[in-house]
Structures are given as structure tokens and as C-alpha cells.
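A short worksheet on the structure shown next.
Read from first to last, the chains carry the letters A, B and C; within each, the first residue is number 1.
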Amino acid sequence: MKQQQRDKEKLLKAKKSIVEILEVAMEFERTAQVFYAELASRVSKRIRYLVEELAEEEQGHYDRFKKLRDREDLEEQINTLITLPASDGHFSDAVHLPQLGEKPDDQEVLQYALWREHLAIDQYHALAESTAPGPIQDLFLFLVDEETKHKKELEKIYYEVVHSGGV
Amino acid sequence: MVYQPDRSQYPQQRADGSLDIDLESGKYLKLWQGPQHPGITGNMSLELTVCGDEVVEAKTHVGYLHRGFEKLMERRTFIQCFPIVCRICVPEPDFNEYCYAAAVEELAGIQPPERSDWIRTLILEMGRINSYLMFLGGQAGSLGLGVVAQWSTYVRDLMLDRFEELTGARIYHMFILPGGVRGDLPEGFQQRMEETLKEIERTLGDIEDVMFCNAVFKKRTVGLGYIDPALFNPYGVTGPNARAGGVAKDVRRDQPYLIYSQLAFEPIVGQDSDVFARADVRRRDLLLSIDLIRQILAGMPKKGPVMAKIPNVLHWKIPPGETYIRGECSRGEYGYYLVTDGSGYPRRVNVRGPSYTHAVALLERLIVHVNISDVAGLMVSLHTYPPEIER
Amino acid sequence: MSIQDLLSPFTAWKNLFRDPVTIQDPFNDRPGSERYRGFHKNDVASCIGCGTCETICQNAAIDMVVGEGEPTGAGDSGLRPRIDYGRCCWCALCVDICMTGSLTMSNAYTWVERDPDAYRFTPGVDKKSWDNAPLGYQRAESHRLAPTQRVTMGEVAPERRIGSFEEIVQGYGVEQARLEADRCVSCGLCIATCPTHMSIPDYIQSVRDGDYEKGLALLYETNPFSNVCGRVCTHKCETVCAAGHEGEPVAIRWLKRHIVDQLPVEKYRRIIGDPKPPTGKRVAVIGAGPAGLTAAFDLAKMGHSVVVYEAREKPGGMFRYGIPEYRLPYDAMDIDIEIITSMGVEIRCHNRVGTDITMEQLHQEYDAVLLSIGLHLGRSTRIAGSDHKGVAKAVDLLRDIADGKSIDVPKQCVVIGGGNVAMDIARSMARLQKSTQGEIRVTVTALEDLDHFLADPEEVKECGEEGIAILDSRGPQEICLDDQGQIIGLRTWGVESIFDEQGRFAPRYNPEDEQIHPADRVIEAIGQQSDVTLLGEALTEKLAWNRGRIAVDGQGRTSEGWLWAAGDCVNGPDVVHAVADGHRVATDIDLMLQKKR
């Protein structure tokens, strides 16, 4: 596992092709899915739904990126090399999953998930800014949009769970 | 110039005062005038016994229009009675609305706002004009002068237009309800009313020319249906029927209600107490109403509420009590006697309509010795509306 | 008689030269006047199907029928008036009484049909040519057939009430209550909306009639907490009250309180009646709050033996430990609880399930167990500094106040939250500050803007009267500490918008608009959750859950056949909902016990 992580980090060092970036993104989602799936068995059954939903969500993202990578009509652009932005570090940080404690509660899980989404948005945003207008930039903007939607959805759940307004 | 028939062939009176009429003798004939007859005011009928073309005895028959309003009201809440009462008198429904509303207000302790009193007075005078216009057409028509009815119906229609724009309806206005009136005067009402009043005045001039200054009309009405003023009190004669005999009875002045005490007027009186005098009193009373409407529209407060705060009408209970509210309608004294028992329904409502006294007992007396062709003219001259006889 | 009388009639001939006065085409040239009471129109979207038009119609011309395609919902019966023009007399009382102003009349006055049944129609639903007629009768603004203004409730003046926890609302006197009760139109929309379906129009009628014993009997049919609900109910009934559409809703809650205020507690039992003979079945209830005690009351009436386990010193649950005394005096709730115990319900206080007795023991000892534990754990924002000891949760402080513990009163405090709990703690703190330091320095910061406040408007208003500063649209960011680690304030950002397009909670902040609200203590009142640790891990794992709450079926039964759950811990916070829930589970438990027999 550790070796794999290091490889991924290397992947993100210098210039990369889109297909590589997509693969990092896929890896990002995949590791998260694995993390949540594993976490689900540890948390109280009361809040397990939350973790399971997150795992499902990540799986969905993964499938989506995979489809994108496999699209033939993008083949040409997909091999274009682009310069990685400075914020790339954040992204690879997130591929490492931080500790969430042995028994996290719903609020902690949500805060963690929010933080991850935030990183992803930052990363794709920076990537979009470093590319010229065109289909590639559109792709990054699309990814920003996707992750922003996810984050917004999570925020709503967060406020519904935590800020119930009191009696 | 009282009509003096030849009495030689008339039936003898028996010792008890009844007439000795032997129908087998061939001298007498029973004739029904009504209930469907143009010479009858409303759905009522007269059972005439005639000898030649002279009436020797008459019985009045009512009941063709009985809808049991008084009883219906005992099973309706106080607000639900409001749409019913106007139906008790079709040509001049507003008196029912006013009397009922005022009776309820008195027993429930509600003070309607001042402006609503002015509007109520206005409506009552408008209704009086309509009633008189209908009378003039009927009185002239009953004696063969069809054109007057056409003219008076036209101007009455103009007044109905005013009613429509003020109250939302032409005949059954349902505008005066306990607590006040339903709405304020519409924009430009005073001006349109003035135009209508002018048109009525002009038409009245024409009517005077063809009806009152008419040799035929005078010939047939002067002296017909004379009511001896001594009969007024025993027979409960009120309104123009009494005023035409020189008695200045008018509830508007004698016991002022609404805002009549703030209006300048004198009761219209006549002298001869016959059909002509009664028609003339009504014509002049109509002119008085026109004057009163002008006074009202000029003197009315310009602003203010028209409806008092009333309790929730859906379960409105009124403390036990009784009251009698009266007013001067176009036919005489109109009154409502209302008894409440603390429940949500009137315990008893009694309507005092002037038609009851005028169209039954008085008519039966006046009709004796009258020529058949004058019966219609006589009956109309008493200005009676059968629906208020049989509430 | 003169020669003039012979000639004068001939002047009639002059009319030969006049224009005709008749209108040639009355259908087009002579529309009905602006106020004409013509055919009915109904704006079905604003009609609520209250049926007052049907009630007032003296001709019985109106029937309330199911309006095709009209959704039935809170405050809308889904019925619409159908009018029979064979009976209608166009008096327009239906228009005058209409509670929403949806029913009006057009100025149309001709309508020709071959089919006589066509004249019985549902305005607005059956489309007619006059539906959009601009003219026609509408009720004048001033013309109302029922009072629109609520009878003012007497309240203790802010200057006086702030000095103590004295009850603010004074209650209606008999005459005031009758006037207020008079405003009800008995449409019953409130019954459908009330979670426990109280017979509201009937008990309001008992106020009008002055028959309080009947009123109390009606209250107890559906709610054993009328002293409590008469004061602090969330009164959803009032939000759907027909009178509220064009006026103020009837003060249903205060009228309920008025009934219980009129009768001495000694009379209650005779009016309610005695429980049924014992069945020998035993039921345990965990938590002596509104849901648990309602179920206990019902079950005891049915003859079952009920034991209520309460962790705290006194019964009452959220309403004793969450609602301050100035809103709900302890004496009032004690009356309701006293009646419940008088039915044979045993309440064991200081008995915490999970420590003093386990769920497994309850399962073994009783025929059925009901979990009604409320929401006693406060949520935290978990912003930086929120783990400081000077940061407290509102529920914990309110509980300490209810238990009579001495509170360390801050000189200046900031409350985070915009719900009723935030108002409760802010006002409680203000009272404590007033009595200890004579000066009130409480600030409430809420995410929501004032238009979307979760707290009741009267709470917000009264906060203002009591000198509490409410800052709306402020998002908490950090609890600021000085060098010594003492709290100096709360840093917030302005909130630009609070809801997203779907109306879901999604605040957006503006970091430029930053403020620091000075305080030596911060109180979090943002939300609550139930403490389900008492279940133990094994049971937690066995039970089915629904998004963080115990999953129950329509009758309140959990996936474990012996265990029911009810109240706030299942439905979220609402006292009357909890009462309704208590009835529901009691019925279901009884059904199960009968089958067992």
C-alpha cells in the first residue's frame, strides 16, 4: 500500500498527461471508498448509514472518472501534457488518509468528508486555471463542478444533522 | 262628488247586520277577481258579489303567496335571516332589511356607525321612489292609462341601476345588515344619482300632464274610494292613505329614526281622502323623497366606517329581549317585532306590514257600492303588496 | 275640471320625437356593475376548503366536495364549494364569510344551458367564461362577519419579569376567553393538523358555553398534557387556522390553557374517570417525558401496570429540563404529572437505564418496553476553541437551572443558535445576570436571518424586550482566547444566504464581514441528539436504524418485537408530536398485550 502511495505521488510531480491525472483522481476516490467501507464496520450502527453512503458516493465518483478515461473521443486530448499547479501537494496529501480516531461520531465523519471534498475542488480548480481554454479546461471545470456539488450535498447533510436548531 | 247609486235593488240587511243575498234569485252574481288578474296588486283575490255592475259584498282571499318567512326565521341564525327578509316585500324590500337589522342591533347592543345610518336612509328613500313609481304606473294602468306605466317603469329602471351599482343587485338588494351596510358609495355615485333624479322629475312632470291633469282620470278617481278619517284609527290606516285624508301621520317625523331628524321636511298631506287625493299625495311624497335624497347626499359625512364590529356571525347568540322597530315605508307604518331568547335563533319575528290592514278589512269595507270597473282602481289606490300580508 | 284637463293628456304625443330609452344590445352594451353579485368565482389555489361558505348558506345551496386535482395538505381540506344555482339566492354571505377571500362573484348575469344539472357547479374547478371577469362583488375591506383581531394576552412587563423566573403569560379571564373563542369558525382544519388531533372546535365551543368540565373531558380524550401544551405547544393548529388567512389565528393554545386554569385539580379525576380493571400485564417506559408519560397514562387507563424509569431527579423530561420556568412553571406540569400518577403509573426517578438497570433486565421483567428518551445531548459546533471549559451547551445549563444547581453566571455571554433553546438559555442567563449583577449582557448569534428564524416570533420579540441582543445571519468561526487561555469572545462571519435552491440548509459565508462578539462565556444551542448509549452495543447492533434514529414502524415499534420507541428521539423535537406518539405506541402495545393474553 505504502509503495503504491509513493508511486502515485511521483505521478503528480512534474508534467502529466490528462490520463494520468484522471488516474490519480480515480485513485483518490478509490482509497476513500476503501477507507469508508472499512470505517463502516467500526462505527456505531446508529451512524453507519452515513459512512455507507459516503462509500457509495466515492464508488460513484470512481466509476465516473473511469468512464471518462476510457472515452475514445477524448483519446487525443487525454494524452496532452500539462503543467501541474502549485496546489497539487494538497491533492496528493489527501491520497494519504488521515486518522479519524477509533470511534468517530457522525459530526467527525462529516467534517472529514467535507475537508476531502474541499481539497479535491481546490486541486481541480488549480488545474483548470493552468490550462488554456479548450476541452481539457472544460474537463477540469467539470470536475470542479462535480466535486462542488458533492461538497454542497455534504454540507446540507452536515447542517441537517448538527444544526437541528434545538427545540 | 261622492258617487250615489240607486239603492232600490240592493240586498236587505239582516238583523245581525249581514246581507241577505240569495244567489238563487238571479239578482246576484259571484265573481272572482284574481288571483291572476291585472287589476289585483300581487297574488291575491277578491270574491265579489255583484248586483248588476255594482259590488254589494266582497271577501278578500290571501294565501297564494304564503312562504312562511316568520316561521323560517325561527330556524335560521341571525345572519341567515338577513337574506330572507327582503323577500317579504318585493317592490320595496329595503324596509325589511332595515327593520330587521335595527331590531337585531338593539337587542345585541350594537351601535352601527353614523355613516351607515346615512346610507341606510338614502337606500330607504331610493326604495320609496321606486315603490311610488310602480304605484303611479299601476294606478294609471288600472284605469286604462297604459303610457304612464311605461314611463314610470323606465325611470324606475334608472333607479334600479343606481341600486345595482350601490348594492350589487337590482331588486333584492341585501345591503343593510345587522351592524351597518355592506359597502360605501361607489365613485361618482352622487353625480349619477343627480342625473337620475332629474330624469324622474322630468318624467313626473309628464305624468302630471297626462294623469293628474286628465279629465278622464279625474272623472273616475275623484270621490272614488273615500275613507272617512274617523275610520283611520279603528282600521289602522297609516301612511299616504291616512295623509290623503288630512292626517299628518308620518313616522319619519313623528318618531324619527336613522337620520331623519337631521333632514328638513314636512309630511305631505291631502284633503279629500279619495283615490285621486291618495295618488296626488304619493306623487308629492315622491318629490319629497327626491329632495330628501339630495339633502342626504349633500349632508352625509364624507368619511367614516359603514360597518360596526360584530361578533362572529356563525355562532351569534343574542341575549333574551324583545323590541319593536318601525319606520315609514311608502305604504305606511312598517314594523318588525323581534323576540330573542338567548339562543342563536330568533324566538319570534312578527312583521307588521301596512298592506295587511289596508288590503283586507279596509278594502272589504270600501269596495261596497263600487262599480266593478272601479274595483281595480280602488284596490291599487290603497297601495298594497300581498307578500307582506302573508309573511 | 277645466279645458286644460282635456288638452293636457295629448302632450304625451311629444314622446314620438324622443329617442328610444331601451338598450339595443344589453348583453354587450350593459355589463353588470362593478359590485354586481353575479355568478361565483373561486380562486381554488387560495381556497382552503374550510367550509364556512357552506355553513353560512341559509339556502343549503353549497356543498363541500372533493376538488378534482386539489392537493389535500396541512391547512387545506382539499374540498371546494359546489354551488347549486337552483337554491342560491345570490346573497353573497358566502363571499362575506370566506376566510381567505378566495370566493368572489363576477358581474356576469346571463348563463344559458340545456342541461339543468349544469347549474350545479364548483366555481374555479369547473371552468366558466366569467372566471377572469375583473368586475363583480368582492367583500369590502372593512366588511367582516367575524372578528379578525386576537384578544390581547396579558403579559408581565419586561422590566418586572426579567428580575425572576415568574411566568410571563398571565392567561385569559373568562370574558376575554369567550371573546377569543367566539372568533373560531369551527372549520376543523386544526384537528387534521394537530399531531394528536385534539377536538379543538369542540373545546373552544365549551369555552364559549362556559362548560369547562366538558372542555376538560375533551382535552383529556387526546392529550393528558393540557397544562403543558396550553403553555408551550408548538401550536401547528394556529398556523393553519382559517382565521389566520385574513387576520390573526385564533389563540387555540391559550384557550386550552384557559380551560385547565378554570378547574381545580381535585375535579380532574372525576371528569376523566377511573382506569379499567387490572390486566396483569407489565410495561416499562424509559424516560418520563411527554411521549413516555402519555403512553403510560393510556396504558394505565387500559388496566396495565406501568413503571416509568427516569434518570433525573424529577419527571417531565424535555419540558422540565429544556423549558425555563417563566414559560412553563413547574406547578403547571406537576398537575399533569400528578393526574398521570393518580391513574396508577409508577415513576421511578433517579433510575438510569443502562447503569441502574439494563435493557436486558427490562426485556425479561416486562411484557413490553417503551423507549422515550428525548434529545438530551447538546451538539457542538466544534469550531476552534469549542472544547474550552468556558464553552457550555444550552441543554446542560438549562438542566442545571431546573435542578436548582447554582450556575456560574458569566458577566457577558454569547449564545450560538437561533432556535427556541437558544432563546431559552439566553433569557435564562439574562434573568440570572439581572439578579446577580443587575445588568444584562447577552448576545445571541444565529445562522438564520430573522425571516427564517427557527424560534417562535414571540420568543424573538420578548428577547428584544428583555434587552437581549440578537444578531442574525452570523456564522460562528472561532472562540477567541486571550494569552491566558481565557475566552474573550466569539468570531463570526456574515451569512450571505442560508438556503439553496431546493430550500435546504446550505449557508454561504462572507469572510469579509467578520465580527468578534466579546464574551467570557459561549453557550452552544445549535442542536441536540439522543443519548442512546443505554442500549448497549449488542442491542444497538440488533436494532434497525433510520438515518441516525431508531427505525420504527407506523405504530412506533422497533425491529425488536418487545421494544417501542416514541417522542423526540424518533421524531425530533416537538412536545405535542411526542404526545401523539405516546398515544400511538400505547395503542399498539395494548394490541400486542391483548394478543398475548
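Note that a residue touches a chain if its C-beta (ideal position, glycine included) is under 8 Å from a C-beta of that chain, and two chains touch if they have at least 3 such contacts.
In this text, all values refer to a predicted model and were calculated from it rather than measured experimentally.
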Chain labels contacting chain A and also chain C: none
Central chain (distance from its CA mean to the mean of all protein CA atoms): C
Approximate Å spacing (C-alpha centroids) for the pair chain A, chain C: 43
Distance from the mean Cα position of chain C to that of chain B, given in whole angstrom: 56
Centroid spacing, where centroids are CA-atom means, of chain A and chain B in whole angstrom: 92
Chain C-touching residues of chain A, taken from the complex the two chains share: 44-50, 106-107, 111, 152, 155-156, 159-167
Contact set on chain C toward chain A in their complex: 318, 322-323, 375, 379-382, 394, 417-422, 447, 454, 500, 504-507, 525-528, 532, 537, 540-541, 543, 545-548, 568, 572-574
Touch list for chain C against partner chain B, complex: 1, 4-6, 8-9, 11-12, 15, 21, 32-37, 52, 55-56, 58-59, 89-93, 96-97, 137, 140, 142-147, 182-186, 205, 208
Chain C-touching residues of chain B, taken from the complex the two chains share: 76-77, 79-84, 147, 154, 161, 164-169, 172, 174, 182-184, 186, 206, 209-210, 213-216, 218-219, 305-307, 309-315
